[in-house]
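So that you can tell them apart, the chains are marked A, B, C and D in the order they are listed, and the count of residues begins at 1 in each.
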Amino acid sequence: MTKIEGIFTPTVVPLDEQGKINEGELRRYIDWLIDNGIYGLYPNGSSGEFTRFTVEERRRITKITIEQAAGRVPVLAGAAEANIRETLAACETYCEYGATAVAIVSPFYYSLGPESVYENFKEIAINSPIDVTLYNIPMFASPIDVPTIQRLAEFDRVIGIKDSSGDISSMASMIHAVRPNRPDFVFLCGWEPALVPMLLMGCNGGTNALSGIVPDYFRRLYEATRAGDFPTAQQMQFDLLGFFEAIINPFEFPMGLRAAIAQRGFKIGNSRQTMGEEQQARTEKIFDTMAPHLTSMGYNNLEEFRRP
Amino acid sequence: MTKIEGIFTPTVVPLDEQGKINEGELRRYIDWLIDNGIYGLYPNGSSGEFTRFTVEERRRITKITIEQAAGRVPVLAGAAEANIRETLAACETYCEYGATAVAIVSPFYYSLGPESVYENFKEIAINSPIDVTLYNIPMFASPIDVPTIQRLAEFDRVIGIKDSSGDISSMASMIHAVRPNRPDFVFLCGWEPALVPMLLMGCNGGTNALSGIVPDYFRRLYEATRAGDFPTAQQMQFDLLGFFEAIINPFEFPMGLRAAIAQRGFKIGNSRQTMGEEQQARTEKIFDTMAPHLTSMGYNNLEEFRRP
Amino acid sequence: MTKIEGIFTPTVVPLDEQGKINEGELRRYIDWLIDNGIYGLYPNGSSGEFTRFTVEERRRITKITIEQAAGRVPVLAGAAEANIRETLAACETYCEYGATAVAIVSPFYYSLGPESVYENFKEIAINSPIDVTLYNIPMFASPIDVPTIQRLAEFDRVIGIKDSSGDISSMASMIHAVRPNRPDFVFLCGWEPALVPMLLMGCNGGTNALSGIVPDYFRRLYEATRAGDFPTAQQMQFDLLGFFEAIINPFEFPMGLRAAIAQRGFKIGNSRQTMGEEQQARTEKIFDTMAPHLTSMGYNNLEEFRRP
Amino acid sequence: MTKIEGIFTPTVVPLDEQGKINEGELRRYIDWLIDNGIYGLYPNGSSGEFTRFTVEERRRITKITIEQAAGRVPVLAGAAEANIRETLAACETYCEYGATAVAIVSPFYYSLGPESVYENFKEIAINSPIDVTLYNIPMFASPIDVPTIQRLAEFDRVIGIKDSSGDISSMASMIHAVRPNRPDFVFLCGWEPALVPMLLMGCNGGTNALSGIVPDYFRRLYEATRAGDFPTAQQMQFDLLGFFEAIINPFEFPMGLRAAIAQRGFKIGNSRQTMGEEQQARTEKIFDTMAPHLTSMGYNNLEEFRRP
């Protein structure tokens, strides 16, 4: 089995002027990510605005991603749909497409408690033909708490969790609770500002939106951490903090991310969610916002970041 | 034009043992609601678990509802879809079906600020072939603040708002801000515990989940308030408070609601979201939970509330 | 016994240039409030910045207030101190001073649950020589929930509650839970934007910071509501909404309040908490901010609001 | 100057049966902490329930602590009082007593924004005769954000910050923002579940309530981290997580802490804040709650933890 570890990019979806998936550009972007050292791909995540696509479009995005990756890197496919039955149908489809595993966000809109979150994933775990990673993102969806993760880790099909809470004590508690019985269980940190500390506390990798802008930086950060080069890792983490704030804070997610990737020379196009005017204006200045951070991060040729 | 006022029931969807829409029972339930005096119907709301159905199912629920209402009461159809284009397609379809208006929840999952909420509804307002009511439910979706409502009220297509915040100062602020320029703008209170005070402060009615259990009670409460019979309205509101807590608090919404409606003799079936065991156990005792409140509310024949 | 009802002003404390209590100005301000129709006084509340004074100063403020009121209106004295023993000492002192009752805020800094909140007030209720009103202000202090209020209402010494939550369903639930057994229990609404609806649902009055700026307005609003003149009350409430936002939102409480009262011609002086520069600048323009609201509220002679 | 680094114990205050400070026991407890390897003492913190004592008592607690420490370890004295003037008076007194520095919590009760938090500490920084550490505890007091810390670090008198937010990205941002210009600035982590990661990211130590129960454990954890023995530090952090949950979560802070210290053989007595019955009952079983965690943490002689 392809091991899920290292940094995965939750990919954004390039759209054309009619708001349709720009398949060619998506394929070109995937190649670029792989060429620049990313460890894996994660379509249909929050960065991929999965809720703004139709069922058919989510399938198409996954298919394109798996085809284009062509086995070079693992693909973790976001498979959350309107209900358990539809989610399982997506699991089956993505299994057929050749996904490495699926990632399923906890139910959202309604706020569910631990028992119902457990029942939801239990039913998926029992019936999925493909390995499942849980996706905990409490700012957007029902939280998956530590005891629930511990119970869900009893199912072989549940092989890991992506956690975007940014809460290091919660992440450490998960690892401490689950790893003794499931040494293979995968913990992925989805919150850049805590990435190095979480890797140090035992995470196997991360699914990090910003790796879609600077995949090479994330590869080096991950390798430095794994190699025990702590001074380098710490400094890279410090520099990442400012970059994260610059790309994330002034925008409704993932608008800053889309704008920054566009600057790398990809025709990302407009999101399906129209932005307010002020936010739109800020995206147009994203190069200026990014520049000082990129310099700190060691990028000398800033022209690589203004090719829209 | 059919005026939107009075109490609308946000209808739940009866499901059969395979989890499919139970059309016959939905039709029978709609008839019962109308026979018991409800002012209008609101399919595809939060009570209707719209996020747990497919696009095609949401259309079918709307179609059945409008057909069965057959002009006896207005139908406010929930039309929120994955993105603006899909939402507008639903608006067109529901217009063809003969809906009175559509209700569109503010974007959810991602948390949008006022500017983007405005842009979202503006685009819908400009392009929708049918009247639109905004749906503000800050506990589940991006909030629609008072200045945004005021700006959106400049579009003729935006004819009202359903507010489920329960915040009376926010509701009063809305009314105060919008009504001088749009005396026809409709304000519907979606939060039972504040219903009478909000009607007194100027709401035109409510969209109230509990009216799906006791439609006649809500009709009487509304009529008493409109007639200026304040002592009756106040007492009915007080009794409603306890009933609301009994049906809502022990459950993840709308599980208690579904269980209570089942007790009235409708084959509601299980929700597509599996409940935890404790919650399931509580639904089985819902008659006992409801009974003292029903007695306070003046129901003498409690057998009407245990016919599952 | 003097009945606690109608609108109480939670008084601010005028300070001189050394930051000391300006006794003369406090006495003059109290006279003005009484002359303008306020129903009662409430020193040592949140408006009175009780936490920013020493134990001795809080006693002096209370003493001055009671002396100056001289029986013309009831005085509800804020008596919360560092712990129960100190609070009871304040209760004894304020009893000797002749306070009508004391008001005691729920414990703050630490966030206590219902059981500990109950134990706290129970111990006070048993030992206080003077009637006690509970003070619920969940944005600043441990919340006092409805079942706790119901249990505390079993003590004769607990005669009422001031609620500044602004949550009308919570307030209605309290009234519904307590009044049947304690018809004399006093409910005071401390949240201006919900004042009229809360009076309509059964409150006996309010403790409203803004009444310290326009005591006559609050008297008229209260009288209109009590007289059943609902159109007037509703309109006054609508106008109050904008005034509240203008005085409260741009400032850290109670800086806008202090600035506005200063405009009425009282030497309020600077708060002991230094403001940031932007906030300071906004206070200097408070007349301009207030003016359009005052006009809506029926004040023709705006010169009365710029006499600093 | 005595360097502030390593683990400081925020000391609880033993009370006698009349609720008065038990001076003898406090002195004995301080000796025990020092004998067991703690790096410093922090009276009048949240663990020390500073808000529940009078001004005079806070001074007395500080005096006893400094006297008893007798220069063996530094003392960081909590000096927050009702307002800036009173706080500065405490700073002067604690300077005379020989405190190493003072720690001042951000203003609480009222929620202040960054500008006013800055003004508050600026005035203290300019006038204090003793070094000041900021105390950021957003769950109880106005947050001190990163830009504000950066600005306050321009004052020589401000020598560090104790952060109890538990937010590792915020802590890392602080360090990254401040250290380049103030390499001597001290960062103390006040949140046990994040202690090792925060030390790894650059903190100089911690102020950790649980060190009042197991000072030796915290010394070993700190030394392992400083020595670069990462496997030991990681394992100690994992074990600490469960211990923290056991002592903190079932209680209103600091009731579990007080109960656990009592088990070590100190006459801690009852807090001045009466607990609810359930919480009281739980404190009586704290040995059973602690025991499995203590075993994991390597304590073989559990009798040392049941000597009440």
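Note that a residue touches a chain if its C-beta (ideal position, glycine included) is under 8 Å from a C-beta of that chain, and two chains touch if they have at least 3 such contacts.
It should be emphasised that the depicted structure is a prediction, and the values quoted were computed from it without experimental measurement.
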item: Fraction-based call for subunit D against subunit C, same above half, different below; value: same
item: Subunit A and subunit B, separation of their C-alpha mean positions in angstrom; value: 35
item: Per-residue multi-chain contacts in subunit C, two or more chains; value: none
item: Chain contact topology (line, ring, star, complete or other); value: ring
item: Sites on subunit D touched by subunit A in the complex; value: 166-169, 172-173, 175-176, 191, 193-194, 196-198, 200-202, 230, 234, 237-238, 241-242, 245
item: Complex contact set, residues of subunit D against subunit C; value: 19, 46, 49, 51-55, 82-86, 107-116, 118-120, 123, 139-141, 252-253, 272-279
